[in-house]
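You will see two complexes here that share chain A, one where it goes with chain B and one where it goes with chain C.
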Partner chain A sequence: MRAFFRVAAFVVRKDLTVEVRSFEVLSTTLFFAVTVVLIFAFGFVQEGVPVDGVAAAILWIALAFSGTLALGRTFERERQADTLRALMLAPADRPALYVGKLAGILMLMALVEAVLVPMVGLMFQAPIFVAPGWLAGLLAAGTLGFAAVGTLFAAMLVRARSRDVLLPVLLYPMTVPVMIAGVRGTAALFQAEPDLGLAQFWLALLVFFDAVFVTLALWTFEPLMTD
Partner chain B sequence: MTTAVKMQLAAATLMFAVAPWVINAAPHEATMGLVYKIYFFHMPSAWMFMLGAIVAGVASARFLFTKNPKFDATAVAAAELAVLFGLLTLVSGPLWARKAWGLWWVWDARLTSSLMLFLIFLAYLLLRQFGGPGSEKLSAGLALFGLANVPFIYVSVNVWRTLHPKTSVVPTLPVEMGRPLWFCVTAFLLLFLALLSLRSSLERQRARIDALYLAEDEA
Partner chain C sequence: MSGDFERVSVVQLGRHYGRRRALTDLSFTARAGDIVGLLGPNGAGKSTLLAILATLLVASAGRVEYGDATMSEGGADLRARIGMLGHDLFLYPELTARENLAFFGRLYGLPDVDTRVAGALERAGLTARGDEAVSSYSRGMRQRVALERALLHEPRLLLLDEPFTGLDQASAAALVTRLRQEQARGVITLLATHDLDVVDGLLTEVVFLRGGRRAHAADAGGALRDRYREAMQSA
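After this line comes the complex of A and B, so read on.
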C-alpha cells in the first residue's frame, strides 16, 4: 500500500516539476476558463443585470470546458515526448500511475476553480460566501468525478487518431450526471433562500458517482493501457 | 448464415408481416384512442435498445479481461443494434408524445437517460470509426462506463419529476392489449438475435482478414 502511494506521489511530483518549469497547461487553461466566463457574460448579462439563475450553470460549463482542455494538453505532452510509454514500462502498479495523473489534474483544476468561483461571483452576483463549505464540497466531488473519468479516457486516447475531437465526444455524455448534480446543487446554494437539503442530496449523488467511477477506473486502467 | 439465424430471420419476417393485423385487432385505449398503438412499436424498440446496451457493456467487460476477440465482435454488433433500436425508440417516442402530452419532447428521466445512452453508443461507433488502431480497447472501456452511467443519469434526471408511463403498467395491461404487445416484443427479439449473430460473425471475419493482411505484410 505504501509503495502504491509512493509511486503515485512520484508521478505527481514529476508532473508538478514539468508544469512549474513552463506553466504551460495552467496558464492556458486558466486563460481559457476566464474567456469562457466572459463569453457567457456577454451572452447572459443584459442591461447590466445577469439573467436569473445562470451563475451555477456557467461555473460548471466553464469547468467542464477548461478541464477537457487541461486533460488533452497534459496527455499530449506525455505523447509528444513518448513519456507515457516510459511510465508504463516502469516496474510500478498501473493503478498507482493513474492515481498520480489524476491527482495532478485535480490540483490543476483546483487552481482554476480558485479563480473561476470568485469571478463568477463577481460578474453574475452569485452569493458564493453564503455556504462556502457546501460549495467547496460540491466543487471537490464534482471535479473528482469529472477528472476520474477524464483522466482514464485521455490516457486511453493518447494512442488513438483524432484524439482531440474524441475526448469531449466521449467525456461529455459520460459526465452528464456530474454536470446535472453540480449545476443543480450549486444553483440550490445560489438561490435567494439557499436550500441546503437539496444541495446535500446532490452532493451525496456526486460522492456516490465518484466512488463507483474511481473504482471502475482503477479496475480497468490496467487492461485498458496494456497493448 | 447458420440454420438458426435463417429460422430467426424467417420467423421475424413473418411476425412483422402479420403484426399490422395483430395490432389492429387490439382494442382502442380509452383516453388516447388510436395513437397509443405506437406503443406496440415503441416499447419493443426501447427494450431491444436496452438489451443491446447491456449486451455491449457485458461483452466489452469480458473482452477487456479475457482479451478474446470473440467478445469484441459481439460488443460491436450489440452497440450498433443499440444505436439502431435507440433511434427507433427516439423517433417513435416523440410521435406518440406529441399526441398524448401535446409536446414533442420533455426532460423527463426516461427520455433523457435514453438520449444520453444513445449518445454514448453513438460516441462508441464514432470511436470505432475514427479512433484508428487500438480503438477496440478504448471502445470497450467506453461501453463499460456507459452502462455503469445509466443509473446515475436516471436518478439525477428523475428529480425533475417524471411524466413517462411507469414500467409497472405492463403486467396490468388487459389481455387484449398484452397479447399484441408480447407478440411484437417476440418479433423484435428474434430480429435482434438474428442481426446480432449476423453482425458479430461479419465482424469476426473482418478481424480475421485484417490479421491475415497483417501477417502477409510481415512475411
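After this line comes the complex of A and C, so read on.
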C-alpha cells in the first residue's frame, strides 16, 4: 500500500514541477473560469443587483467548464511526448498512476475554486461565509466526483483523434448527478436562511457518488488503458 | 516469477481495431543477445507489435511468451524487465534530463537513483548539460536521454520504435554502438525502423511485415535493402 501511494506521490510531484515551470494549465484554466463568471455577471446582474438563486449554478458551471479544460490540457501534456505510455510501462500499480493524476487535477481545481468562490460571492452577493465548512465540503466532494470521472475519460481518450470533443460529450452526462447535488447543496447554503439539513443531504449524496466513481475508475483504469 | 527471461516468443499473434486487422498470425522467437529488425512500410503493424510486446496493448489472438510467462502472468515484475523507446521520446520537455531520469528511476523503484542517473547522463554525454530542460536539447541529445531512460532499469527486452529518425550520422553511429553494448549484456532488442542502411550489419534477425502479416525474402543473404524489396514484392 505504501508503494501505491509513493508512486502516486511521484506522479503528483512531477505534475506540479512541470506546472510550476510552465504555468500553462493553471493560467488558462483560471482565465477561462473567471471569464465564464464575468459573462454570467453581465447577464444576471442588473444595476448591481443579481438575479435571485443563480450564484450556485454559475459557480458549478464555471467549475465544470474550467475543470474540463484543465483535464484536457493536463493529458495533452502527457500525449505530446507519449509520456502516458511511459508511465503505463513502469512496473508500478497502474491505478496508482491514476490516483497521482487525479490528485494533481484536484489540486489545480482547488486553486481555481479559491479564486472562483470569492468572485462569485462578490459579484452575485452570495453568502459564502455563512457556512464555510459546509461549502468547502460540498466543493471538495463535488470536485472529487467530477475529477474522478474526468481523469479516467481524459486518460482513456488521450490517443483518440477527436478527444477534445469526446471528453465533454462523455463527461457531462456521467457527472450530471454530481452537478445536480453540488448545485442544490450550494443553493441551500446560499439561501437567505441557509438550510444546513438540505446541504447535508446533498453532501452525503456527493460522498456516495464519489465512492462509486472512484471505485469504478480504479477498477477499470488498467483494462481501459490497455485495450 | 522474478520477471527475467532469456527468450521472447510471439505465437500466432493477432490484433484488430474494429474490423481493421493490424496484425495477423505472426510468429517468431528472439533470444538473449538478438537484435531483431521489424521492417515494413507504414501501417504494416510494427508499432502495434511493439505495443503488445510492451504490455501496453492486449492481443486479439495468439500470445507473447516472455520465457515461460505470458503478459497476464508477468504483471509488474515483467514490466520491470522491459524498456521501450517510442517514436515520441517519453520525456517531459519542461523537466531537465536529470529530473526526467530520476522521475522514471523512482517510478521503477530503482535503488541508488542518483548514482544511476549520473551514470546515464555520462553515457549520454550530457553530464555538463544534465540540469537543462530537455526542451532546449537538439533531437540527437533528446534521443540519447530517451535511450538512457529506457535502459535505466537494465531491461532484458528493449523495444525501439524508429530510433534513428532525425539523427545525424554521428548520433546514429553512437546509437548503434550503444545497442551493441546492450547486446553484449544479453539484452533482446526489437527494433522497428525504415533506416535500412544504418541497421544493415547490426541486426541478427529480420522480421519483414506487410499488411500485418509476416513476409519473407527468398534470398537470406545479400544487402538488407535488397531483401526488404524482395520481401515486400513477394507478400
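In this section, the second predicted complex is superposed on the first by the 226 of 227 C-alpha atoms of A that agree within 3 Å, B and C clash if a C-alpha of one lies under 4 Å from a C-alpha of the other, contacts with A are read in each partner's own complex, and residues count from 1 in each chain.
Rule of thumb we're sticking to: a residue touches a chain if its C-beta (ideal position, glycine included) is under 8 Å from a C-beta of that chain, and two chains touch if they have at least 3 such contacts.
The model shown is predicted, which means the values in this text are computed figures rather than measured ones.
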**Asked** Based on the superposition on chain A, does the combination of chain B and chain C result in a clash or a fit?
**Response** clash
**Message:** Quick one: is A:Val36 in contact with chain B, with chain C, with both, or with neither? Answer first, second, both or neither.
**Reply:** neither
**Message:** Quick one: is A:Thr17 in contact with chain B, with chain C, with both, or with neither? Answer first, second, both or neither.
**Reply:** second
**Message:** Per the contact definition in the header, classify A:Val7: touching chain B only (first), chain C only (second), both, or neither.
**Reply:** second
**Request:** Considering only touches as defined above, state whether A:Val212 meets chain B (first), chain C (second), both or neither.
**Result:** first
**Asked** Regarding the shared-chain residue A:Leu71, is it in contact with chain B (first), chain C (second), both, or neither?
**Response** neither
**Message:** With both complexes superposed on chain A, which partner does A:Ala57 reach: first (chain B), second (chain C), both or neither?
**Reply:** neither
**Message:** If we overlay the two complexes on their shared chain A, which of chain B and chain C does A:Leu166 touch? Say first, second, both or neither.
**Reply:** first
**Prompt:** Which chain A residues lie in the overlap of the chain B contact set and the chain C contact set?
**Reply:** 227
**Asked** Can you name the residues of chain C that touch chain A in the complex?
**Response** 3, 51, 54-58, 76-80, 82, 84, 86-95, 99, 103-104, 106-109, 133, 149
**Request:** Please give the residue numbers of chain B that touch chain A in the complex, ascending.
**Result:** 64-65, 67, 116, 119-120, 123, 126-127, 130-135, 137-138, 140-142, 144-146, 148-149, 152-153, 155-157, 159
**Message:** Could you list, by residue number, the parts of chain A that touch chain B in their complex?
**Reply:** 149, 152-153, 156-157, 159-162, 165-166, 169-170, 173-174, 176-177, 180-181, 184, 201, 205, 208-209, 212-213, 216, 220, 223-224, 227
**Asked** Can you list the chain A residues touching chain C in their complex?
**Response** 3, 7, 10-11, 14, 17-18, 21-22, 77, 80-83, 85-93, 226-227
